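One chain, chain A, appears in both complexes that follow, with chain B as partner in the first and chain C in the second.
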Partner chain A sequence: MRDRIIFILQLLFTLLVAAFLAVPAALSIAAGVTVNYFRGIQSGITLQWVAQVWELYAGTIMASILIALGTLAVTLVVGIPAAYALYVRGGRLARLVEEIITLPLAIPGLAIALALLLTYGGFGSFRRSWLFILAGHVIFTMPFMVRSVMAVFATIDVKSLDEGAASLGAAPWRRFIDVIVPNAAPGILAGSLMVVTLSLGEFNLTWMLHTPLTKTLPVGLADSYASMRLEVASAYTLIFFVMIIPLLVAMQWIGERGNLR
Partner chain B sequence: MSHISFVRLCLLPLASVTAAFFLLPMARLLLAGSEGPRGLAEYLAIILEPRYRTTLLNTLVLAAATTVATLIIATIAGLFLQRQRFPGRTILVAILTFPLAFPGVVVGFMIILLAGRQGLIGEVSSRLTGDKLVFAYSIHGLFLGYLYFSIPRVILTIMAAAQKLDPGLEEAARSLGASPWAVLRDVILPALTPALIASGAIAFATAMGAFGTAFTLATNIDVLPMLIYTEFTLAGNLATSAALSVGLGVMTWLMLALARSFAGSSVAAAG
Partner chain C sequence: MSTMTRHGAALKVENCGKTFADGTCALARATLDIAQSETLVLLGPSGCGKTTLLRIVAGLENPDAGGRVLFDGKDLTRQPIEKRNVGMVFQSYALFPNMTVADNIGYGLKIRGVKRAERAARVAELVVLTNLGGLEDRRIDQLSGGQRQRVALARAVAIRPSVLLLDEPLTALDAALRERLRGELNSLLRTLGITAIYVTHDQAEAMELGDRIVVMRKGAIAQIGTPREIYFTPADRFVAEFVGAANIIEAPIDGTHLVLPGGRQPIADSGPRNQAVAMVRPETIGIVEAPASGLTGVVDSVRFAGDRQRIIVRGAASIPLTVDAPNTIKVHAGERIGLSIEPNSIRLLPAEG
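Let's look at the complex of A and B:
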């Protein structure tokens, strides 16, 4: 009996917490397709707000996708070889490098953005281009790619694979392309999903780094929250949800598959 | 090409990118903090200047309150979800972890929908009592936002830690006549302590350094990230904002270093 009461109380509490998280998200989705949020859903369902968001903010959505893919490209090209080198070399230097590249996660984005502005704010054409935001996103997402790939190396005994290929006379770069990269695929995939998701949602750095001509989706979101009617802001948020939910589901799926193995 | 030189070559792009876009800018930031009229003393202003000190205290209190509340809520829900099996459990877990990827700005908007001028809480309270309850655009709204942000993270950590608990210990305690409360206090919570400290430190660091949520709710909330932002953009006070952000960075880094020494894995402050 007592266990039953404890169970029900805990269930109610957990449901309350879930409601706290889910209700505003549901409200936002509803508001994005409601004719008039103040009058409620009976005022009718419409896609006019979504269309209006597209008209006003399509540029920011494209920009975010572009920056996310650019960030992904850089983290792949830079991160995978680095993860390989760090794993193969090991030792104190590798740990120090890993420590340094992980630092951007522990320091508020605001501080990193300020630092970038102080250093490169004077280089006008770089400052004004997408590349400036890209640089910030690369620094912020790199540790996820490197660590995710290194984690795979730790489970598949990459050293003996590498040595085996070497004993057959393969050159180092060939071994890297033909043996190392295919074997690291699960880590590369997981890292990529993480990098794209983080880049799409990054605000702390981006808000400081953006210019009126280089606005990303989260920057546009902040703008709409401050200046647009609630329905437009909600429709914009809805578009963001639609973009990141497939990524989240894929990440969870990969995580579960990894756990099963 | 020898193996050693290939490995070095592999590391070169990362070293260049990190040096150019992280280490050099950070060094520049450190320097900028001491280039104001106060010189190196700028770094002490965060403690000595009464206005900044008030903001620092506000931020610390907010972060501490967020941490304590999140830990209590997430422990109750996380233990429950890890131990009980019932229909709908998977959906409940999905709902509770889904907001993990929401950026701070979106979390801010969620709080506006809950407690803002057109929010649900205001609507319900005005129908019940005739008084419209609106608190999104203040430090209370920010507290609620950081709860929203931290609960999913901490629940995940608690669930993972609870999975590793030895059920035999609890059985033993129960068979010796311990009440559920005593089992929780003397068996479960001590075993969860490392996870609680680690995830608590992450929640604390995030609540200290996050900027997006506060920015969405109101620009006049008196917390450190907003102070740094206004010092930089409105007052143009470069040295102060640099010194303050170095101070904030050191504090969040210390918290996360503490977390890692307990959890032994990667942790990150986000938002």
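Let's look at the complex of A and C:
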């Protein structure tokens, strides 16, 4: 009996917390498709705001997608071999490098942006190009890729696999392609989704680094909140949700499948 | 099959020691010669440096400066494992989960650029040899422990290595399977006639598989010899007790006899000593009617084990003696009996240092 009451209380509490988070999101999405938010939903449902957002901000949306994919490409090409080298090498130096790579996790995005500006702000064309924001995103997301790949390495005993392939005559690069990458696939996938999601939603660092010509979706979003009708800003949020939620669901799903194994 | 051909390289491990970065001295400088087609077993308790020595031969670990590893006289010390043409069976097997059984076995050949058809033929040959028929297309996680062990072996052998290195290949299996695979492994090694180094901490495995056994203790070689030499003439107390069961008796010597609480026991070789540490194997002690003179004791307990019985005898020596007697002898606890020991089967060991 007592267990039951505790269970019901826990359930209520959980639902309450979920509602606390979900209601604003739902309201915001609803606002994005109502004709006039102040008159409520009875004013009618429309896609005109979504269309308007698309017209005004299509550039930032495309930019966000391209930067997310670019960030993914760099973290894959650099992060996986780095994780491999760090894991197989081991030792004190490897641990130091790992700490340095992971450092951005603990540093506020603003501080990273400031450091980048101080260091490279003088290189005008780099400063003004997309590459500048890409660089920021790579620094910010790299630890997530390296960490999730190293986590999967730890579960598949990658050192033995590597030595096994080496004993059969495979050179390091060959072992990496034939054995390491295929067996680390779940970790690589999880890392990739995380990198893309984080890059799409990143605001602090991007806001500091952006120029009027290099704006990403979240920066545009802040912009629209400040200067547009509430409905437009909400429609913008709606588009962001549509992009990000499938990624989050996929991440959850992969995580669960990983736990089952 | 019956004509034994010799394969593989003759190996020389010269002055190889290993001190790890953290200061652990895992292996004192050791020198070993391994003849072509010989099976050498590294035997010792956990942590004695067996794997370390094997990994130095494999090229997975660098020996301390001054150490050299030679294959057929060629110095390969600086070569990494992928350039040494060794076949290695890891304790964890290290099979590739992303490949089928056939692809695992054929991987080394693929790396060597062997054509598809030729590769398939060689894989088929090994599948037969290691009794894996019908499992070629399975994934590794669909195999039993014993099957995995055989895939690991087939994969290592497929490349016709200079030397086959096996690190406790049977330890992960249950006792019955271990016994059966030990037999299979033995006949496979004889069939292949390949140079092999086999690491184990199981003395029964070492006895059955080894042409010679290297007994190791705390990073050093305690004794090298054939299984018979190791068993009958152990170099010291550690080897005597680690390999098989042994009664270690400390007693004064009077000329050609051990002076024991239960009587005087003649011995063959004593040298100029007057105090001895003597080893007697349990199966070399005979049980007789209590004699008028000679060694006697009192039966403490009898454990019947089917094919033989293990009898503990008190009062004969300073320690209770373990005797393995034929299963037909009838004695009971408390009975006074005589013990007959061939002088030749008593081995005097060096005093503890």
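Basically, the second predicted complex is superposed on the first by the 247 of 261 C-alpha atoms of A that agree within 3 Å, B and C clash if a C-alpha of one lies under 4 Å from a C-alpha of the other, contacts with A are read in each partner's own complex, and residues count from 1 in each chain.
Everything below uses one rule, namely that a contact is a pair of C-beta atoms (placed from the backbone, for glycine too) under 8 Å apart; a residue touches a chain by one contact, two chains touch by 3 or more.
Here the structure is a predicted model, which is why all the values come from computation and not from measurement.
Student: After the overlay on chain A, what do you see for chain B versus chain C, clash or fit?
Tutor: In the superposition, chain B and chain C stay clear of each other.
Student: In the overlaid three-chain picture, which partner chain does A:36 touch, first (chain B) or second (chain C), both, or neither?
Tutor: Once the two structures are laid over each other on A, A:36 reaches no partner at all.
Student: Between chain B and chain C, point out the one touching more chain A residues.
Tutor: Ranking chain B and chain C by residues of chain A touched puts B first.
Student: Tell me the contact category for A:129 with respect to chain B and chain C: first, second, both or neither.
Tutor: Neither: A:129 stays clear of chain B and chain C.
Student: Once the structures are superposed on A, label A:46 by its partner contacts, choosing first (chain B), second (chain C), both or neither.
Tutor: A:46: touches no partner chain.
Student: Tell me the contact category for A:166 with respect to chain B and chain C: first, second, both or neither.
Tutor: A:166 sits against chain B and chain C alike.
Student: If we overlay the two complexes on their shared chain A, which of chain B and chain C does A:174 touch? Say first, second, both or neither.
Tutor: A:174 sits against chain C, while chain B stays out of touch.
Student: Shortest C-alpha to C-alpha distance from chain B to chain C once the two structures are superposed, in angstrom?
Tutor: Shortest inter-chain C-alpha distance (chain B to chain C): 6 Å.
Student: Which residues form the common part of the chain A surface touched by chain B and by chain C?
Tutor: Of chain A, residues 166, 171 contact chain B in one complex and chain C in the other.
Student: In their shared complex, at which residues does chain C touch chain A?
Tutor: 21, 58, 60, 80-83, 85-88, 90, 92-98, 107-108, 111-112, 155-156, 159
Student: Can you check the complex and tell me which residues of chain A touch chain C?
Tutor: 91, 156-157, 160-161, 163-171, 174, 178-179, 182-183
Student: So in the complex, the part of chain A that touches chain B is made up of which residues?
Tutor: 2-3, 6-7, 10-11, 13-15, 17-18, 20-25, 27-28, 31, 37-38, 74, 77-79, 81-82, 84-86, 88-89, 97, 100-112, 114-116, 118-120, 135-136, 138-139, 142-143, 146-147, 166, 171-173, 176, 197-198, 201-204, 207-208, 218, 221-222, 225-226, 230, 233-234, 237, 240, 244, 247-248
Student: Which bits of chain B are touching chain A when the two form their complex?
Tutor: So the residues of chain B in touch with chain A come to 1-3, 6-11, 13-15, 17-18, 21-26, 28-29, 32, 73, 76-77, 79-81, 84, 86, 92, 95-96, 98-106, 108-114, 118, 120, 147-148, 151-152, 180, 205, 208-212, 215-216, 225, 228-229, 232, 238, 241-242, 245-246, 248-249, 252-253, 256-257, 266-271.
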